[in-house]
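Several structures are given next for inspection.
Okay, so chain A shows up in both of these, paired with chain B first and chain C after.
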Partner chain A sequence: MRSWSIHRPGTSALHRANPLTKLAALLLLAALLFVLPWPGAWAGSLLLLAAAFGLRIGGVVLRRYLVLATPFLIAVFIFHGLIVDRPDRMPLAAFLSYSQEGLTYAAVLGGRISLMLAGSLLFVATTHPAALLRSLDVAGMPPGLSFLLASPLLLIDEFTKRAGAIRDAQQARGMRVDTLSDRLRALRLLAVPLVTLALADAQERSGVLNGRAFRAFPRRAVLSPPPDTALERRLRHVLVAVSVLLVGCALWLG
Partner chain B sequence: MASSTTRLFETRVLSLIAVAIVINIVGNQINDLVRLPIFLDSIGTVLVGVLAGPLAGGVTGLLTNLILGLIVSPVAAAFAPVAIVIGVVAGLMARAGWFRTWWQAAVTGVVIAAALTLVAVPIRIYMFGGVTGSGADFIVGYLSSVGQTLFSSVALTVFGTNVADKVITALIVWALVRQLPERLTSGYGHLQHSRA
Partner chain C sequence: MAGIAVSHLTFAFGDKPVLDNVSLEIRAGARLAILGGNGSGKTTLAHFLAGWLPDGRPHQGTVTCDGRPWTEWSLAERACAVQLVGQVPVRHLSGRAFTVREEVAFGPENLNLPISEIQARTERALAQCRLEQLAERDPFTLSGGEQQRLVIAAALALEPRFLVLDEPLTNLDPEAREHVLALLLSLPRDRAVVLLETSPDAALAFAEDFMLLDGGRITAHGSARDVLLHGCAVRTLGLPSIPRACRELGLFGELADSELPLSLDEAKELIKGAADARR
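Up next, the complex of A and B:
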């Protein structure tokens, strides 16, 4: 069965940092994309991946990075370097030709995506979704929105198992997937029970939530808030301010 | 914000959105078996659009992609506006009575594909240079190599790869809402627009 989360528990400074601080750092990373030249973006990606190894989460981060980044990077370099027609096209070999301008553009796009991907994976690998939600609750997120973000994260594994069980049951009953019409029929046989069960689940959950009056107060009380310090709060303000400044400068200077 | 979520969505709709997000995320588990060249990642979004209206559908799409961005790949978060459009258009089409018969549902699927193309193409071109590392990139590459512009290559590819997926998704949702027991759907007033 597929594992969705790449979070790995740990005690490093990044693991211990408040999730909102890490989100602010991600915002700064996104703002840097506006001003960093492409070699800087690639160097930043490598630095973040190296940092993941320093935090002992390098294996899981690098694997997910390669799975997600490789197809995109191959596609963007082939497409812009070899396929898109540009004025500086030069012969490469046989019928192939390449464009230096296209390859540079691919390096720019690849560097941006690579940097954001590396940063996001580092964030996800060091931040448990529950800790992020608790920190958002502390920041004043309403219970309805908190439920919408938290509940799916907690239900994914259960529904993945459920989908697998339905698939196994229908296969045991002789469901075939040989021809196109078989597959379309199979799609209905698999999707209908899953969604029907999900709707029954939703009804039961809403009854339980109403019974607990979970929206009686505009904010949820958090019993174990993620650690936060005055220094981190100030750091978040600085990170957000610098991000806004960077984007503003980039737009102002064109 | 607290008052806005309280005002906009009843608890029943909140629970529906939560499970619909999960249906979207595990939808491709089903596709692993049937191996159809479709995504199956918006059954929940379209279902919420039909049962609870365009706003709830849009929220379902938005949160699906934000959560996928959080746990799977940030690339998914970049396409959140596309997911919003799917939910909103499905809800609007349902409200206009375009989920009553199978052929209306099929037409709705085509309309959803056309609407999402308008939003997906600029994101795909300006953020990703026209390619995303999926199989559809071969079509973009082929169309570009035979003389289409980048914009038209991407637009044709996005519409072409989405139209079958959204028609099948809309037909599955149509079939679902027809056979769901009354006790599961009685609280969703928006469904009256899709009753034959």
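Up next, the complex of A and C:
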């Protein structure tokens, strides 16, 4: 299992669903943000997190949700509720002020982010990246696009490992990291070889991809496509149509 | 001509000459070893042979396959004609596959081959490189040797007419080296294999035709004896195992390097001949 991955295999309907169907559901979730009042967005987040527990992947989804959402939500509430100058502001101390309007706006923004994050994490935890790539290939997405999606996921661990090796080698040869200024200097010294090697890798990998006929044709065959059914295909059409309708209505009604 | 032809190829990285007026031909079924020390230009030559022409860096001379310059070949045509296996296997992974099987299937999938053909080629290449047990593993978690076998399998799945291997044995343990050499020897004779190596023993175990690349120039070309016992090869790469053992054991002291036995059979013949002469 890769360090960044929160994918957990399973046999639930969500696990078995075609990744494109799940992507269409995420699109609907994004469209709902235009019409849901902010308490609805928060309630939706809780519902999705509860669903994750129902699928026995709640622990990993909740942990990742807290890690990603907490700093952002705190920042949003502080910035909009206590710092931004609004008409209903009531001074607290120094540059801080309390604003009901600002806090409401932070709740709206936070709810939207929270809902999309919970939905995305549920998607990622129930969808193997390889299945997503295969389904994008089957759908006829340009191979280059799916490569852009896959390569960072695949190479991040390799990159981290290499950064660790360079850092260990530098420290073994006497580089000190005792103080903050030492650490900042070490970061700069780490960046140079890391970026140089990454550029060399990129050049070599580009040769490898060309050599193995990547993007030779606009579509590529897929050895084992993820299961897909006529029902799911129809469902995807409905989900996309409803999403477009929701966004259209929201924009039309202002 | 049918095959890869390099004609008067000269190339430099900035002011540093890498290849100097290199000419060679690789015909179908060739078993060629190009030997050279570090910095002799092997990797650059391997790139040119495989059609990996350097972007934006001018070169003189031509590299053609079946009489057409590589620049006139489509990606799909080139992939079926030639494959390059590099010396750092992790850099030769596609970065697009989450399992060993997907990595091997990557090339045939790009060629849009029928699914049954992709499956057959993938399973065949996995078996050839003894990777069946690792088929569901993440390519990035394999050892260096396993990754090297994977890169070779990925190249074989494209069934190229020319296979260019740039120091493919570097990361392998002795058993894996033996296996890869046996694998290369077992490839159908209609495929040409070019092995660029620093090790005279690996070249001797595999090749029928030999070249020595020194300072970017081809300085010797011919049989194993012509090249591996050439003064320049001995100086930069050392003697192969058998002649070295003869020297260390003090055998055939009267012979020049170029006359030393290259194989055990040759050594036995010489010893027998010397014993007969004493009698």
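Brief remarks on what is shown
Basically, the second predicted complex is superposed on the first by the 195 of 254 C-alpha atoms of A that agree within 3 Å, B and C clash if a C-alpha of one lies under 4 Å from a C-alpha of the other, contacts with A are read in each partner's own complex, and residues count from 1 in each chain.
Here, a residue touches a chain if its C-beta (ideal position, glycine included) is under 8 Å from a C-beta of that chain, and two chains touch if they have at least 3 such contacts.
Everything numeric in this text was worked out from a predicted model, so none of it was measured.
By the document's definition of touching, both partners, chain B and chain C, reach A:P143.
By the touch criterion stated above, A:V195 is placed in contact with chain B alone, chain C being left untouched.
Touch criterion met: A:N210 reaches chain B and chain C at once.
In the superposition on chain A, contact of A:L155 is made with both chain B and chain C. Contacts of A:A130 after superposition: chain C is touched, whereas chain B is not reached.
Of the two partners chain B and chain C, more residues of chain A are touched by B. Residue contacts after overlaying the shared chain place A:A43 against neither chain B nor chain C. In the overlay built on the shared chain, the residue A:A221 is in contact with chain C alone; chain B does not reach it. Once both structures are placed on chain A, chain A residues 2, 129, 143, 147, 151, 155, 201, 205, 209-210, 214-215, 219 are touched by chain B and, in the other complex, by chain C. Taken together, the chain C residues at the contact with chain A in this complex read 47, 50-52, 74-76, 78-80, 82-84, 86, 88, 90-99, 101-102, 105-115, 118-119, 122, 138, 140, 154, 158. Residues 1-6, 9-12, 14-23, 25-27, 29-30, 33-36, 40, 43-44, 47, 59, 63-64, 66-67, 69-75, 128-134, 137, 140-141, 144-145, 150, 168, 172, 175-176, 179-180, 183-185, 187 of chain B touch chain A in their complex. Of all residues in chain A, only 2, 4-6, 68-76, 78-80, 83-85, 105-106, 109, 113, 116-117, 120, 124, 129, 132, 141-145, 147-149, 151-153, 155-156, 159-160, 163-164, 167, 171, 177, 183-184, 186-188, 190-192, 194-196, 198-203, 205-206, 209-210, 214-215, 218-219 touch chain B in the complex they form.
In the complex of the two chains, the chain A residues touching chain C come out as 2, 128-130, 133, 137, 143, 146-147, 150-151, 154-155, 157-158, 201, 204-205, 207-217, 219-223.
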